[in-house]
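One chain, subunit A, appears in both complexes that follow, with subunit B as partner in the first and subunit C in the second.
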Partner chain A sequence: MAVNVISPGLSTTVQDLGRPGYYHLGIPLSGGMDRFALRAANMLVGNDEGAAVLEAVFMGPELEFTEAATVAVAGGELPPKLNGDDRPTWEAFPVKPGDRLTFGFLKSGARAYIAVSGGIDVPVKLGSRSTYTLGALGGHEGRALKAGDSLPLGKGIPGKGAIPANLRRQPGNPAELRMLPGLYWHRITAAAGKQFFADTWKVAPEADRIGYRFKGGTALEFVPREQPFGAGSNPSNIVDACYPYGSIQVPGGTEPIVLHRDAVSGGGYMMLGCVISADMDLIGQLQPHSPARFVEVTMDQALAARHDRQAALAALRSHLGR
Partner chain B sequence: MTQAPLFRPVAEHGLLVEFGDRLEEATHAAVLRLDQALAADPFPGFAEAIPAYVNLLVRFDPLVTDHVRVAAHLQALLRQPAGAAQAGALRTVDVVYDGPDLAEVAALSGLTTGQVIATHLSGAYRVALYGFAPGYAYLSGLPDPIRLPRKEAAIRGVPAGSVIIAAGQCIVTTLTMPTGWWIIGHSPTPILDPNGPRPFLFDVGDRVQFRQVTA
Partner chain C sequence: MSIRFSFGGDEHIFAEVSEDMSLEAFFTSLSMTNAVKAAGIKGVTEICPANASFQIKFDPDRIKPGDLLKELQSMEGAASKSDATLQTRIMEIPVLYQDPWTHETLMRFRERHQNPNATDLEYAAEVNGLGGVEDFIKAHSSQPWFVSMVGFVAGLPFLYQMVERKRQLQVPKYLRPRTDTPKLTIGHGGCFSCIYSVRGAGGYQMFGVTPMPIYDPSQKVNYLTDEMCLFRPGDIVKWKPVSRDEYDAAIEAVDANRYEPVIRAASFSLAAFNKDMAGTNAKLMEVLNGR
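And then the complex of A and B:
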């Protein structure tokens, strides 16, 4: 059982739910940027929700199947075509040996999750099949796919079904990213804090699995202080600290960066706050230049949002009879 | 003496235990003590703990536990008597002192390049933490005469294996990455081998000695 890569797309990697437990060694979680869509695609094809899938960014790969299987594509609207014929997204469809899966142009979102029944069966490295390209770890040879790669498939009992639009999750326009103001919020002036939430930001071209950079908002004004020993000289510098996933740094006070699944685990920039987990999936679906706003929430609201996301996943399972 | 730590809810899945905001040996020791105590006695819903110089990030599943319960567990650990500090293994790392910044480090420190090398070799280093990227072990113990702030701007594409210093710390890089630190040499000693049986040369707390080689 295998999937042959005829052409790889722009950057297609093997991802699952990631590699927790090694962040203290500088190895990040990795895994799907949009975990909701990754789980949905797996549910559709009858896999465990955390099975390894392909994450395609902006552009789809061309794949050839050597055996019969079931496929589902969820996340960004990257229209699948089987032997040239349209297939729906968010819906399971069968493939036969020799079938070719290609994709049309991306209509919305940024990342599509291509699940195949049985899951992509690359070796487990440090507890996960996810690709961490910066560390050349996991996935298929630690890198994005190339033409000529052959990916083994596990054994599975194919699922079926479709996920209606009201059960999907997609970012709004502008995307609203809920955040908890953080540890160093007091380091910026009250006016700067207000402006940060008032501004509509745009995703910068430097937006990838490590972090999403936003631009077009107002530069931050810092409260003056004497820098503590061990911190850099810019007011945005601190004594090196660990960075939670979702944490927002503003190097030099100009362009916020939200650290994502392949985050660097620590460094010397202050964190303005942290995007809540429930909205990290949405960031994974933002294209460069798309608008976004940061919305302040309380810890209780963040936890409620986490429960809401669990409920949304439960609704998918119930809809698919899992 | 380290003051009582502050518990900061930095994410819905994380609590930062802050022991101070200045880079001091005693503060870092307190971070590592709590990290070890937590590893020995985790709480239900514990995900992982990431030590830095002055704070410990404790990650957990907020659907299982919450910030108040996690803080109470950590408070109880902090009240326990401190165990004996572990000595840590001694690791030797080879360095070729051919870095592009060696002359500038010498000029800014008021030393000759030979004195910079001798000073760097004389340091008693300890692995303080991993951070930034896989295998980036932050070594504390850089001698004072070559203690410089970071550069004004980062340089891109600094190759893996570079020996870099700044702010009283030293790192042997394991990936080609940007850095704003001063590059004084390169090391042929493998630090990171993610596919090997022991992915990392160092454990936190290990002692490190540099040895000069010529190629």
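And then the complex of A and C:
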């Protein structure tokens, strides 16, 4: 059982729900950037929710199947074609040996999750099949796919079903990313904090699995201080510290960067707080140049939003009879 | 020192022991994170010590953020009174300073540097008021360094020099980070040195390279078969300047997977170190050199 990679797309990697427990060594979680879509794709093909799938960004790969299987594509609207014929997204469809899966142009979102029944059966590294490309760890040989790769499949049971639009999730326009201020928020002036939330930002071209950079907003004004020993001379510098997932660092006070699943685990830039866990999936579906705003929330609101997401996942499971 | 706690979203607690870097702050961070580990608090998923701070990741479905915060605050008193001693390791890291690979890279990124007309080492010597590159290399390699954090990317150690603050080498980071740094580059930014474990972006000044792998995701390197990452916070490092011939011989040994790093068990007491830095470091060197 295998999937052969005819062409890899822009950057297609093997991902599952991630690799917790090694951040203290600088090894990040990795895993799908839109984990809701990853779970949905897996459920459609009858896999465990956390089975390994392919995450394709902006452009789909071309794949050939050597055995019969079930496939589903969820997340960004990257329209699948089987042997040239259109297939729906967010819906399971069967494939036969020799079938070729290609994709049309991305219509919305940024990342599509391609699940195959049985799951992509690459070796488990530190508890996960996810690819951490910077550290050449996990996935298929620790890297994005290349033409000529052959990916083993696990043994699966065929799944079926479709997920209606009201159970899916896509970012709004502008995308609203809820954040809890904190960490080094006190380093900027009250006026700068207010302006940060008032501005509409644009996703910069430097947006990948490590982090998403935003531009087009107002530069931060810092509260003056004598820089602490070892921190570095720029007012945005701190003594190198850990970076939370979702943390918003602002090097030089100009362009915020939100760290994501392949985050660098630490460094010397101040952070304004974190995008809340409920909205991390949305970032994975943002295209460069798309508008986004940061929306201030409290911890209680963050936890309520987290529960809303869990309810959405429960609704998905119940719809698919799981 | 009173620890400043802050929530990082709904899944992290960030704790700043001190705004300034110091070994005291590092030891408080280490004893706090060790205490959190030992306490086995439900819902805690990642425990990350850093230079003068630390971070705990948790699952808010299993523990309320406020409850975890209270638990951490209750540990603060004990951590600040801990005696700051370590059973640790001292290791020798060979360095080819002024190597051709970092030189080629730094020349490519000159427009991002404070002084486009000098190399990173020439600039570092100048801003530290040292006579020249040779004096700087001597200052960099004559005293041991303390691994005060592991991270940024997989297995990258941050190293803090074990000398009085006024003797610490400090060099600003590049004005704009490079998009490339050779694997195993010895870098320096602020008061920290580092070893780039993988090739990639970086903003630290580049001084040289080590032939010795420090991260191996394939776990084939003979001393990295159990752990992919060589370094742990608390390790002590001594740079050993080597010639090009010695570097090439080490590379040959690494390629044949018969390279044996010099690593010895050592103990360290912060109180003893603060009382007599030169004496403590001399004793560490005796341990390293097997005397």
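Please note the rule applied: the second predicted complex is superposed on the first by the 322 of 322 C-alpha atoms of A that agree within 3 Å, B and C clash if a C-alpha of one lies under 4 Å from a C-alpha of the other, contacts with A are read in each partner's own complex, and residues count from 1 in each chain.
Following the convention adopted for this analysis, contacts are C-beta pairs under 8 Å (C-beta built on N, C-alpha and C of every residue); 3 or more make two chains touch, one makes a residue touch a chain.
Note that this is a predicted model, so its numbers are computed, not measured.
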Worksheet item: Are subunit B and subunit C a fit on subunit A, or do they clash, once the structures share the same frame?
Response: clash
Worksheet item: Which of the two partners, first being subunit B and second being subunit C, lies in contact with A:P288: first, second, both, or neither?
Response: neither
Fill in: Which of subunit B and subunit C A:G161 touches, first, second, both or neither
neither
Worksheet entry | Partner chain in contact with A:P174 - subunit B first, subunit C second, else both or neither | neither
Item to complete: Would you sort A:G216 into first (subunit B), second (subunit C), both or neither based on which partner it touches?
Response: neither
Worksheet item: Can you list the residues of subunit A that touch subunit B in one structure and subunit C in the other?
Response: 20-21, 23-27, 125-126, 132, 134-137, 142, 180, 182-183, 228-233, 238-242, 244-247, 264-268, 271, 274, 276-277, 299, 302-303, 306, 310
Worksheet, complete the sentence: Within the complex, subunit A is touched by subunit B residues 8-14, 16, 18, 21-24, 47-57, 59, 62-63, 66-67, 129-136, 138, 149-150, 167-168, 175, 180, 192, 194-195, 199-200, 204
Worksheet entry | Complex interface listing, subunit C residues touching subunit A | 6-12, 14, 16, 18-22, 45-55, 57, 60-61, 65, 149-156, 158, 160, 165, 170, 172-173, 189-192, 197-198, 200, 215, 217, 228-229
Response to the item:
Residue set of subunit A touching subunit B in the complex reads 20-21, 23-27, 125-126, 132, 134-137, 142, 180, 182-183, 228-233, 238-242, 244-247, 264-268, 271, 274, 276-277, 299, 302-303, 306-307, 310
Worksheet, complete the sentence: Contacts from subunit A onto subunit C in the complex sit at residues 20-21, 23-27, 125-126, 132, 134-138, 142, 179-180, 182-183, 228-233, 237-242, 244-247, 264-268, 271, 273-277, 299, 302-303, 306, 310
